[in-house]
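A short write-up of the structure that comes next.
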């Protein structure tokens, strides 16, 4: 359905790979068309920077153990290899339920605190060819390790890798919690251009509704409404998640980094505010659409009423003079002087025509006074 | 009523077996057409597995006492035997008020904590031939015993019994709390296919409303609205119940199992989110329906207006030339040269016809400019 | 007003006996048409049962003091005797503000805890000849005494007195708190048949709105809406009151009895749920009514449009052949061959009639294709 | 504007005397047309009662110091004397910000607790000639002194002064906190007659909307809506204020008096409940109005459709027989037997007339079956 | 777009200077068209007052250090100099994230507490040529220093500087917290004239909607709605901010000053109340607009129906007498006495005309009885 995009796909309701009710929890059931996995590790401290793709988890573990005083950012893109995912559980001490949440990419944003790691689910919303894309990004934050997992090969974090390379900001000199902040903040920041796009659409729609409303406008309103519903669900949960991080007592997040997360929190509040405002605007656009439908009907009816009201009496008048009351009885020849004497006056026809002209002018004047000739 | 299913039946308002106001609490009043009871016991630990139907409660008790280190899952289907229910109260130390709640199958999902057992009421919603079925499942969780009671012979838990048989997951090696988690989680999981069905219906309805809206669409909107109301009531209470379990201080639920219940909690939140989103969508479908009714009227009125506006003036014109103003007074023979001289011109008829053709073309052009000839 | 019942009477806004603003609090101002008081005392323990009407409060007090180890249930019906009410204040140690609340029967349900007694106000809603009756019942609970006061001679508690007589349940062997539970629970139970009635009406209304909506349907929707508003106010306050009882620290209510009140609390939650669901249904019925009004208009307009669109062009055609363009100039006798030669063809009339028949058939086909001939 | 009263005046948004943004807080800026001040002191204990107007604050202070064991109620009406107000600040130890709130009579109801006095702002709403008057009353409660200030000469407290004079209730024997309770309670009591008036208007409006809805009904709905908005703002704040009093730890309010304030609190809850119910009713009246507008249109369209559908075919038929197909070619004299032979039948005219009569009867029957002849 | 002002600009969604997602936090990115900075310092205590513009931050610092016992109010207008902003961070010990919030002028009002300073963001809303201007003001409050920063050269604080100069109130003798109160209070005070303007517009709109509603009215409703959305967001956050100040434990705000902030808090509550009331009014104006559109249609249809219903039967009648049933067969000469004998009566024409006149009068009477001739 190319109309409003696939709504259920956006809402991420339920995926077929999810097994039937009654299945064991923590089951790793991959989709058939899952992307083959790509591993990429970026290791840095304030002085050093290594980054390269890896083929196997062994190499990754080796790297991590070799440089215990660096921050290691392990990226996994594509969930096509079940055994790799199971090894990740084993190597990084991750619960099977968590990996299930990573793979079933319809989770709400959330924070789960464990003794040795944090598990963070976040949603990445992007406008793609006019329809909303709604992907899931999962993060595991450990002492000097951040593990990010995503279903496809999206290059969203490229900008951050550039910042690491160029060594800008205090990213290079800080710990894994600041890296995770940087990653999460970059995701919340994607809401702003999204809202910008939606805001522009709302402005255009309002213009359209006031100038040339069509049935397609209604579909556009409906589409924005649905996108806002998706957005709202995401942002609410995102806000709760960042709030959970702020209130977290885990030693993995320093007070210093929480200061930055406070900033992210402010941004989510701001986004929520805007989404709520947009929802109100959208609701009022619906009202404007409905009123414009009524206005169109009014315009049509006014034209019909003006034309009818002018011509119906005229047609009656000419009907009168089309009656066949004769001047004299055709059989007896008796004169019938009361039968339509107007017909036989030299000025009968001209008089009737002038009378009708006068009538039209009076009617037009009345309509003009009533405002029926107005544009609105 | 085959239209929207029986709404009150879905809401489970009030059942006739419930005695009149003023009756004693804890009264066991069976429905006349209640199913005859079936007892089935599954006993397992990591090594052993016995499962079989039983005829009497004595045999069940005997089994339980014989194997004190196994988990016993006692299933009762059908509430047709009052004395059996009363003996269950007595044998398993259950309050009469609790059994009353089990039998009056219109309870909200809830958790009641007692010293030696937990009482859990849960609702099982299923789509059955296009209408929602809303059954009640009651659980009693004791030290090494889970007692499930249901009104009819529904086979919902078959998948779990299969998992026990095949010994998959850590179900076989865990305690009664994990079994109860497994049972409850399987019930929450039934919401997802339900929502999938409703989501598909909403998408189809939206398509229908934009292409060919009928009065039947309105009935379908109404039906979905009602099903969502039922669903919402259920899910809200289910969420509260799982939350109560998470915050429970009862020794019957281990911290380890609560980790799994946290997962169930996340699922209920997700379901609630979706139900809320679906409600908003349904509300906007109503708006679309209403606007489509107006649009239809507009379309009809436009055709009427175009036809009327074209032909009414034409009819007037031909009426003019149907007037009987004569060329000469039939009695006196006086010539009346001003009376409709057009009639006597050689090109009068052709001229009038061409003039009317021109008029029609001008009108059509105006309508086309006004957008009245558009499809919308 | 026989239409929607007396709404303000149901809401119990303000009663004339309530004195003007500025009057002293605790004033006992009786209505002129108040019923004359009836005193009835039921005294019981597990072995004994006395019940009889009394004429004076002295006799009642005598009875109570004579049997200190029985539970005494004193019923007062009718507030026609001011001095009796004042003596009740004095004898049972009741504050004048409480008696004012008893008499001004428009109180919200509430619990007031005092050292030596509890004061409970509750509302009794009943469907009476199709309209809602909204009465007040007041309870005072003391150590071994329950005092119930009501304005009229309603026999609502008859079923409970029967239970006391037959000695069923553990009512006979328990204390005054259990008696008060029994009384209050019987009142909450009256909501269920009420909701059953309203649910049936909603189902009937929906049927009516889809088959034969009239202006009277709107009045019925409005009446249900108003009854739900009254019901909702009552139930919300009732829920709060039962919750207050559950959280009460008064020694007058035992933990054992609170277990039963928990059951009552569940019932009020259930009623609230249903009332909210019914309100949503009622709101959607309003939408259905409004859409049915529009649909009716559409149906009428379609018929008008079909008839007009078929006959207006036909009328134009016959008008054309009613024009008086002559074959020859009546004065000069000049032949005018271009003037309506069709008229003089042998098949002119038949041809025109057939042409019009064809036109009608084409139009009908177009309408059929456009769906204008459909029932909806 | 005599239509809906002055809405902004009711809302008390902003008054011109309030100085521009940036002005110093606590500035006493009087309105030019302020009433000249009137001082009236009522001093009482259980035995004595003095009451009289005073000219100067000195006399008042003298009186208060002379009788330290009486309760003094100082009333000031009219804010026309700036120096007097400043002396009141000084003499009674009142902060300039408080006096600013007294004079700028658009404050929300509130309680401010200070060590030696309480400052209470309350709103007095009255129905005045059909429109809502919204005045402010300010109270300062000290040890044995209550100071009330109001802008105009309203006699609202006359009833209470009468109660003091006649010595009814325990008002005369109690302290300043009970007097302030009496004053505040009398103000909350004014809401009930207000709601009674609004309730009556709503009932009348509903009747009107079902029988003879006009554009004026809409204005009345709008007016009630606005009055309810004003009322609601007031009552919400009033409720919060009384709640603040109940939770106050100030020694100026005794526990005994709080019992009475609890009663006032119940009344504000009751008023809030009613205001909310009225708002819902008003919203549904709007729906009824809108549907009645549609119904009127339907009625008009039905008449038009019936008349048109009956006469348009008839007019076509008579048009057919008005066609000028001749019996013989006027020039050649050729007989044209197919041209309208009906015209020349002896029963042609009668036949056509009877056929049309039949047609009308069939149509009327169809309309009757379709329900178009119904009243609704 | 000159219609509803630039909505997104008012909402301050996202500014282009904000760098792309993934950029480092705390980055200072100036807009190209930023105003060049102006520094102005006002230093005062109860005796002394210096005020003058400065060119460099060094001079400002020098001044501050020279007079440690004065309150220094440093104003910076215009953010055109990046190095100056960076020096401010350094000199006044301000975090880069804070300066980022100052420059990106789309922040929600908020309070951030730090050990040595408070950071306050506030929004200044002004009606500018009929459209809402939404600027940001940032404050840093330190021991004896208040630093205000704003993007443009707005002279909002001029009134306060005048108060400092004239030495009115206790502003001159108090500390930096009272100055910051004065500044913030002056901003909250700007909401009142704004609401006054909006209230006037709402009153005018209601008048317009009841007398002469047009499509432009709808646009005005929409504009007010949008302005209220912007206002509401601002005020809610402002209220939270002032509440945060009241609950702040920072030593920078004295208890005495909190008393004044309590007053500001009351004002924000009042503004919120009014904004909510205005939103409800606006919603009901939308309903009135929609109903007026329907009423217009009704009026048009009534005229059409009256004209049609009067003339359609008349036209039929004259059509009857325009039928060509002859008195005698033109060919055979046979007399046809039943063919329209009325035509040959001496009073036929007059009779028909009188009959039609009577018919019109009857119809007019019926319409008058039905109320179709009424104005509404």
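Lettered A, B, C, D and E in written order, each chain numbered from 1.
Operating definition for what follows: contacts are C-beta pairs under 8 Å (C-beta built on N, C-alpha and C of every residue); 3 or more make two chains touch, one makes a residue touch a chain.
Everything numeric here is computed off the predicted structure, so don't read it as measured data.
The set of chains in contact with chain B as well as chain E comprises A.
Note on connectivity: the fewest steps through touching chains from chain A to chain E is 1. Centroids built from CA atoms put chain C at 41 Å from chain A. Note on chain placement: the centre of chain B and the centre of chain C lie 25 Å apart, centres being C-alpha means.
Shown for chain B are the residues that touch two or more other chains, namely 290, 294, 297, 301, 304, 308, 312, 315, 319, 322-324, 326, 340. The residues of chain C lying in touch with chain B in their complex are 157-160, 162-163, 168-169, 171, 185-187, 189-190, 192-193, 195-196, 199-200, 202-203, 206-207, 210, 259-260, 263, 266, 269-270, 273-274, 277, 280-281, 284, 287-288, 290-291, 294-295, 297-298, 301-302, 304-305, 308-309, 312-313, 315-316, 319-320, 322-326, 329-331, 334, 336-340, 372, 376. Residues 1, 3-4, 7-8, 11, 13-14, 18, 20-27, 95, 97, 106-108, 110, 214-216, 218-219, 222, 225-226, 229-230, 233, 286, 289-290, 293-294, 296-297, 300-301, 303-304, 307-308, 311-312, 314-315, 318-319, 321-324, 326-328, 335, 340, 343-350, 352 of chain E are the ones that touch chain A when the two sit in their complex.
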